[in-house]
Amino acid sequence: MEKFERQANEEALARRAKRKPSPKKNELTVVSMYCKGCGLCVDICPTGTLQLEDNIEGKFGVSVKVDAQEFCIGCKMCEQRCPDFAIFVNYEEEEKDKQ
Amino acid sequence: MSKKREVLQGNIIAAKAAVAAGCNFYAGYPITPSSEVAQYMSAELPKLGYDFIQMEDEIASLGACIGASLSGKKALTATSGPGFSLMQEHLGMAVIAEIPVVIINVMRGGPSTGLPTKPAQADMLQARWGTHGDHPIIALYPAFSDEIYSETIRAFNLSEKFWTPVILMMDEVIAKAHEDIEIPDQKEIAVFNGADHPLDEDLNIYDRQIGEIPPRVDFFKGYPIHIDSLEHDRHGWPTTDPALVDKMQTLRMQKIYSRLDEIIKFKEYRMEDAEIMIFSFGVSARAAIAAVDLARQQGIKAGLFQALTIWPFPERELKERFKRIKKVLTVEMNMGQMKLEVERVATDDVNTRALLRANGVPFTPAEVLQSLKEFVK
Amino acid sequence: MRDYERYIRYRTFPTPWCPGCGDGIVLKTIAMAFADLKLPPDDIIVVSGIGCSGRMPTFFNTNTLHVTHGRALTFATGIKLARPEKTVVVISGDGDATAIGGNHLIHAARRNIGIKMILINNGIYGMTGGQVSPLTPQKFITETTPYGNIEPKFMASELLIAAKASFVARETVLRMHPLRQVIKKSFEHKGFSVVEVISNCHINLGRRNKLKDPITMTKWIASRSVTQAEYDKLTSEEKAHKYPVGILMEDKERLEYSELYYKHIVPAAKEAAAKQSAEGK
């Protein structure tokens, strides 16, 4: 991984360290086929739930990993910001609500 | 059945014919000697609830036409040499995406600003190869006022039927001259409207066999489609797959060249027993046709082959005649363009000559006659 | 399926953009604006020119048209006049819109034709490998300004407002919610609207100017955007490195071109025709 990717991971872990797991359970879905490992979601996640990891199948050798889902507060900033439609928050659950 | 006889300028005849052919969108930019087409359209199209817009340049004009054509309109623009040069990239876009549009190019003295108020016929090869890359094109070129009307109608019908831009060539003389013409009734005019493509989930909008022409596809017909100026596959998605590129290039080329008999058109005058053929078109054909009579009065068996379809070039038809006629004089207002095609097609036993001039002065029948006389000596 | 996914063509995925490129965010935010307005996909057409942003239409599940460099607005003008009831969107990059397409940009604004333009400004020609554009910041290094860009850049919003654009806004790919709102608002606006989206091209512009990854570059973008109020308080020297975000111009009175055409030109022409036939001409 490159320096900026490791730095994004470290900053995420630092943010997570200052928080407790979220009271409400949220579910993250990653579409690894589309993830290009850009790290924007890891950077924007307020609770440091996500990490980048080396992944040889990944399109660019790196991809996102849901590292600590219990910390996710469902703010969807990662989904909003992902340029490649590769991460969704509470996708199935909200589908059920719609039916 | 009363026929309306009127004295009209060539540009106006073309504009009237366009409306009769179903033209309901005009986008253009003023340029001598074609501005009258735009002026007429600006007054007449809105009367029918149709669209007229003057754009900021010729590139924009053809762009707007193509956009409108893809939105279900029959679009027209008119220009002259300098504007025609600016339009070339969009001409190519209409070719690759297979979009009907009619472009009137009223030729004037070139190159560059050249002789804006003088006639010329020197954009002939530009009409064929002006835009980059391999591509087919259809270019028509009337000579007489009734032909301006009929060829404009044909231009729209061919562009709609073959999904292609069609260039209607004119020169400054036939476009600006006020001449009498019999306007046919609308009932008599055959207007071609392509059927709608039966779109389905697969969106096979470009899928077809060689020479087969499917119904056309426009936007807003129920299925969101994709049209691209990139090379594309049968759905319209961009592709660089060599096999698909081969297929699309061939399909586009053969769309035109496998159905030439529906596109090639020419007129013959006293060719039945002719021993020397004049090959000409547009304003030069007017002098040539008179010269044929003059020549015959002096015992020279001349005949005129007047091309109405310039591109694709009437190759087969000329080859047929060269079996019998061994002398051909090309008469054109340039420094030698269509004569190159004539020479390419002529067999070795055919003697080819050309009467050329590129100074803005059309030929007179006497000049053509003189050339015929020298030829047969 | 999310509402906004209805406007996405997954069959053409993945997108060609570099990892972390802002274009993907713009694609998603526009799709969200379509979904917010519940626009039927077949009533929308997205037209684009050439460049990285030019590839965006392929991924919209709407009518899409990818045309020649700089000329998307001309095709869109033809479409909007022909079918005024349709939502006509143009996606254009900074080079496509303000360099080769500059002439069409100012005329579309002057005419106030109802085209919804999204001008993605990443300050570089990305697709062709990182050449300078009219919106590249001065002094920046690019493939064609190896000694630093000496040319002052346009402020696109000022150019457009001077050309009488009736709706001009600017947002960045960092501010996804305001960007979504302003795009939606621009769609609801009747006349010509431009939303300039400051986006990151860390691969071409960033890499040569110490901003080589998406996170660093997006943070740099965030550091330069201020509200109009804050911007007005800056000294001219400070203003050189900042730009106001939000809606910078909104004129609701101006009539839209195709509306003017069908409400004024066509009736006037029909009246003239009636008079002419009455006089038996």
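First chain written, first letter: the chains are A, B and C, and each begins at residue 1.
The criterion applied here is as follows: contacts are C-beta pairs under 8 Å (C-beta built on N, C-alpha and C of every residue); 3 or more make two chains touch, one makes a residue touch a chain.
Just so you know, these numbers come straight off a predicted model, no measurement behind them.
The most distant chain from subunit B is A, comparing centres defined as mean Cα coordinates.
Remark: the per-chain Cα centre closest to the mean position of all protein Cα atoms belongs to C. Put simply, the C-alpha centre of subunit A and that of subunit B have 59 angstrom between them. Our note on geometry: subunit B versus subunit C, Cα centroid distance of 37 Å, whole angstroms. Between subunit A and subunit C, the centres computed from C-alpha atoms are 29 Å apart.
Subunit A contributes residues 2, 4-5, 7-8, 33-34, 36-40, 43, 59-60, 77, 80-85, 88, 91, 94-95 to its touches with subunit C in the complex. Against subunit A, in their complex, subunit C makes its touches with residues 1-2, 5, 8, 10, 13-15, 17-25, 27-28, 176-177, 212-216, 218.
Listed in rising order, the residues of subunit C touching subunit B in the complex are 9, 12, 41-45, 47, 55, 57-58, 60-68, 71, 73-79, 81-83, 86, 103-104, 107, 261-262, 265-266, 268-270, 272-273. Every residue of subunit B that touches subunit C in the complex is listed here, in rising order: 25, 27, 43-47, 49, 51-53, 55-57, 59-73, 75, 89-90, 93, 219-230, 237-238.
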